[in-house]
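Shared between the two complexes below is chain A, which pairs with chain B and chain C, respectively.
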Partner chain A sequence: MSIQRQAHDGLAELAVPPLPRHLVRQGRRDWTLIMLLVPALGFLAVFFAYPMADILMRSFDGDQGFTLEHYGRFFERTIYVRVLLITFEISGSVTVLTLIIAYPLAFVLATVSRRTAAILMAMVLIPFFTSILVRTYAWIVILGPEGLFNQVLGGLGFDPVQLLYNRPSVLIGMTYTLLPYMVLTLYSVMRGIDAQLVRAAYSLGASDWNVFRRILLPHTMPGIIGGSLLVFILAVGYYITPRLMGGDRDQMMATIIEYQVDLLLNWNFASALAAILLTITLVGFGLYAWLVGLRTLFESRT
Partner chain B sequence: MTDFVRHIPLSWRRGAKLLPLYLAAAFGLLFLIGPLLVIVPVSFSPAQYLTFPPTGFSLQWYERFFSRPEWMDSVWVSIQVATLSMILTSVLGLLASLSLVRGRFRGKTLVYAVILSPMIVPVIVTALGTFFFFSRLGLVGTVLAIAIGHTIVALPIVVIIVSATLQGFDERVEQAAISLGASPVTAFRRVTLPMIAPGIVSGALFAFLTSFDELIIPLFLGGPETQTLAVRIWNSVLLEIEPTIAAVSSFLIAVALLVLILAGLLGRARGHSQPAAGATETGGN
Partner chain C sequence: MTKVSKRRTSAHVGGKFGGNYSRRRVIKGLAAGAGAAAIGFPNIVRAQKGGEVFVRTSGGSYQDALQEGTWSAFEAKTGIRVVPVAANTAKMLAMVQSGEGGLDLIAGNEPATITLRNEGALVELDKSRFEYTDLDDIAPVTDHYVGYSVFAEVLVYNKEVFPDRHPGSWQEFWDVGTFPGPRSLQDAKAIAPNLEFALLADGVSRADLYPIDVDRAFNKLSEIKPHIVKFFDTGALGASMIAEKTVVATSLWANRAQVLIDKGAPLGIEWNEGMRMLEAGAILKSAKNLDNAYRLLDFELSPEPQANTLPKVLLSPANKKAFDFIDPTLAATLPTSPQNREIGFDNSGAWWVENRDEVLELWQEFLLQ
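Showing the complex of A and B:
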């Protein structure tokens, strides 16, 4: 199945097959059904869409009305542009790292027996459902100045090393917290691959490498693209892990937004930063919907 | 495709060729579960600082967690917020799912995208927007404000789980009740609702867990009197590393585990595996 095809299937699957006509009092029922959306959409309009619009308005709000000064400030000062680049750099690295670690794991999960898969899947889901704060803290306990790693080093007679507050520690923490998304996305795609294809390829004399390159890789491409976009989008907005595990040079968009609000009370500039972050995310979301389809975003995966 | 492996020819399954693959998968699994396996034993440490492996067994950090009023106050705030948010999310989510699954109208994709979008929008942006909103209303620092913030974040999860359940439900059963003379509301209440209840409850559980764990919304919308457990942990982690946090962390792991087990049991009750387990915690970054 091509990616495009999946995108088209996206929401069609959500619709239930039409009922026999005599059972449905079509018009009235449909109206009632549409009305059921009103509470949720009304709620989101007031508490979500309006605040988002408010952020946009504030980002253009200066002392004398409309202004572009906040955006100007962002793009003029190298420090802020650098934060944006660091954000992309970290998110991109994390995406690649999760893909490398998740691919073989998802493959094994998809090929072992159902019972084994259930046990292994629990090892993916338990961390997935544990709070990100807790999972980041676990890494601080391991890598911290008086952490477990350094205790082991000390026990062996070495001097402690600084493992936290640098780029590798941010990458470890973020890869760790985002890995389950990649594993689950790849797994759901791999489970759907027709094993006959693999068998047929082998029976025709294909090598392992060719089976991977010509069958597995193209068939898992929707998962690779979907998982990568998802991890990238989520990584771009990360706050907790870079804040706790990163140094000054590893701070991302989200951490400087918080800094502008909390310490500098610079709400309008923070809004401009948030608007930039929001735009990046929405572009990613649009790409996802277009390439992979929304239905697959969080569909049944276990 | 659990039969996948059986279709892989022997030459491929046999021996050392697959070893690197299994080693890579084992590394991935160890990476995922290892840090949690470290934090739990640390929380039972008898020492005054972090040690691994633990030198003995002690409940001192749990004792401290459960006896200190500031920790227990924040647990209580978190329970209030999560409960309120769970109720709100479940009601809004159920109604929206009914409409999305059964309704036939234009722009359904768009509506679906709008409802899912809070999962994708960085929580820091949602938190900032709702912070402006509630500060204008003078509601920053209230349980209600935090609960509403969490409802935004948790709504997609509930919609995904409940609509997956609704899709698995044969609507003709409800139609049969109507054709036998039940009103649509009665048919829904007496026939459909009991049958989709496991999906609704597991949606509610994940909504509760999401709210209970989420940090950034209460960081912006909370006040001194409404510090949730996540915010309390956050402040402690920023200040110092002490094993009490390991105990609190283990407590949160236990809560997550409980929710997973309950949802798994509910999934079994529904007769198929848990849908949309991947739904939760998005953007909880």
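Showing the complex of A and C:
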């Protein structure tokens, strides 16, 4: 079975219809279903809900009990608001870049033969399965002063350029690692478009541009919004890439949280920063659910 | 988690110059990631048997030297197994606060050690328990920590870029006209920013550095900032930037630079205006192997293990008797040799502890400017 088919079917399987009613109705079956959920819920309660609650409580914890001073501090000192803006700026740029690269790629994937699509999909997915740390270091090697990129430039007679430890290198690194999320989201939406619509439009004399604008674009809009929100949400919390590839000005929320935890040992303030980051992420998911519906995250059709 | 990265750290040493850095940095990153992500993963190794001591390690060539020069001899002598564990300050504090143990004996730079002391994380040392070591030979000895070794932060430059004349002082390091090229200096994340060097560049004499005029130091740093590619936030990054020619000059720990030079990197160490810093030994309050921790600390500080371990990585022993066992020509290259002592200065751990938090807050703003 091809990778592409696997991916496709895998996504489709998640959207299986609910169990037949006669199974669910019986009280005994209810209990069975609940018991089936216990391992997952227990795991999440211990390793997700509890630490999360602990962080939230810490963020309101001061010398005299409950306090809002940590949140006040965030807005008092311009630096933290500025870091938040930088975080949005980087995440926004990465979202736009992944969309520009992923859209044509997903279109090709959705239109070529299954065989070719399988090969292309493998090219998208295989790096996705590699550790992010390895991929980030690979980029550091490629972009370094004596790396592949500068060697090619040198061979063409250009001066080497500084491509590491600045904004472009963060954008390259993050766009690269987040690209598959955008490609997969767009691809699943594009697969669901009825090809007859396109044929009908052409048969009625529509130009390529019109087919794109009036058929493809509106039908892929859920994918565009969904993929963008997904990439943006993931980018907002990024740590490794900006830390390793970024310059001194590319501080993101996660890097300043680490600074507070590890250097200043100011864990309550770090918790407040984490809570703010969490809120932003939840708002992102809320938008996603409202605009697209969380179901499309798992579905192969619009 | 720690165990895997530890094993890999020792496995890669001795690799060829070049391809090594990225690998080392991957491992460093793994260790850092593990430290940041998993605060307090129970150490599974513990349960195996008695007769162990868990020691904090920063990995790399330093750990190899400790293994060869100190830990092996200690294990042979006492039968107590030494287990190195990677941990940063936050992780150590979390270990103490949760009472979970997992680390007994720690060694770290003085500011970080004093931070832990101020958080109440260190055992008050019982001086009567030292047998191998005469504490009068050690400097400094405080209630909660003792000096273990002295390392130096120095000006490191690329010899191919500066074959004839190289920047020989921090004033010359700041002189981008005479000595052009991208540079790096230390970020707050790697111990502390180089405020001392900035003041020296601004004409302050070595004797008048402390208390540091913070505003003046930051102003001077702003001057050089456009020429800084990136302030190095780990020793590994500082080493790789100068080795891979991303920068032509940087501040760096002399022992780090020496590792690069030994592997063939065309680097020079300028000892003039080098800053001597203290690595201190202490015992965590949550130590589950208190007796063994005392024994290892006692052993580590004694003259012969110090002599067998520290000079290999260009560190000076804190025990003055150790120099009886060190070849004089080797001793002359160490941070505390009479010659280096004369042209360098001592970092004031005390000043940094008083002012570190404030400087760290300012530093974040400085970076974003």
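Basically, the second predicted complex is superposed on the first by the 258 of 302 C-alpha atoms of A that agree within 3 Å, B and C clash if a C-alpha of one lies under 4 Å from a C-alpha of the other, contacts with A are read in each partner's own complex, and residues count from 1 in each chain.
The rule we apply is simple: contacts are C-beta pairs under 8 Å (C-beta built on N, C-alpha and C of every residue); 3 or more make two chains touch, one makes a residue touch a chain.
What you are looking at is a predicted structure, and each value in this text was computed from that prediction instead of being measured.
*Asks:* Applying the touch criterion given at the start, work out whether A:176 contacts chain B, chain C, both or neither, answering first, second, both or neither.
*Replies:* Only chain B is touched by A:176; chain C is not.
*Asks:* Contact-wise, after the overlay, does A:164 reach chain B, chain C, both or neither (first, second, both, neither)?
*Replies:* second
*Asks:* Under the stated touch criterion, which partner chain does A:133 make contact with: chain B (first), chain C (second), both, or neither?
*Replies:* Touch status of A:133: both partners.
*Asks:* Which partner, once the models are overlaid, touches more of chain A's residues, chain C or chain B?
*Replies:* When the residues of chain A touched by each partner are counted, B comes out ahead.
*Asks:* Is A:244 contacted by the first partner chain B, the second partner chain C, both or neither?
*Replies:* In the superposed model, A:244 contacts both chain B and chain C.
*Asks:* Have a look at where A:216 lands relative to chain B and chain C in the superposition and call it first, second, both or neither.
*Replies:* neither
*Asks:* Report for A:120: first if it touches chain B alone, second if chain C alone, otherwise both or neither.
*Replies:* Once the two structures are laid over each other on A, A:120 reaches chain B alone.
*Asks:* Using the superposition on chain A described above, determine whether A:256 touches chain B (first), chain C (second), both, or neither.
*Replies:* The second partner, chain C, only.
*Asks:* Go through the superposed model and pick first if A:144 touches only chain B, second if only chain C, both, or neither.
*Replies:* both
*Asks:* Quick check for you: in the superposed arrangement, does A:97 touch first (chain B), second (chain C), both or neither?
*Replies:* In the superposition, A:97 touches no partner, neither chain B nor chain C.
*Asks:* Taking the contacts chain A makes with chain B in one complex and with chain C in the other, which residues are shared?
*Replies:* 133-134, 137, 140-141, 144, 146, 240, 244, 258, 261
*Asks:* Mind pulling up the chain C residues that touch chain A in the complex?
*Replies:* For this pair, the touching residues of chain C are 22, 25-26, 29-30, 33, 36, 88-90, 93, 115, 119, 182, 187-189, 225, 228-231, 233, 244-246, 357, 360-361, 364-365, 367-368.
*Asks:* Could you list, by residue number, the parts of chain A that touch chain C in their complex?
*Replies:* These residues of chain A touch chain C: 79, 82-83, 86, 133-134, 137, 140-141, 144-146, 162, 164-165, 240, 243-244, 247-249, 251, 256, 258-259, 261-265.
*Asks:* Which residues, counting only chain A, touch chain B once they are in their complex?
*Replies:* It is residues 10-11, 14-16, 18-19, 23-24, 29-30, 32-37, 39-41, 43-44, 47-48, 50-52, 54-55, 58, 101-102, 104-105, 107-114, 117, 120, 122-135, 137-142, 144, 146-148, 151, 176-177, 179-181, 183-185, 188, 190-196, 198-199, 202-203, 208, 233-241, 244, 254, 257-258, 261, 267, 270-271, 274, 277-278, 281-282, 284-285, 289, 294, 297-302 of chain A that touch chain B.
*Asks:* Please output the residues of chain B touching chain A within their complex, sorted ascending.
*Replies:* 1-9, 11-12, 17, 21-22, 24-25, 27-29, 31-33, 35-36, 38-39, 42, 49-52, 88, 91-93, 95-96, 98-105, 108-109, 111-126, 128-133, 148-149, 151-152, 155-157, 159-160, 163-164, 167, 171-172, 175, 178-179, 184, 209, 212-216, 219-220, 230, 233-234, 237-238, 241, 245-246, 249, 252-253, 256-257, 259-260, 273-285
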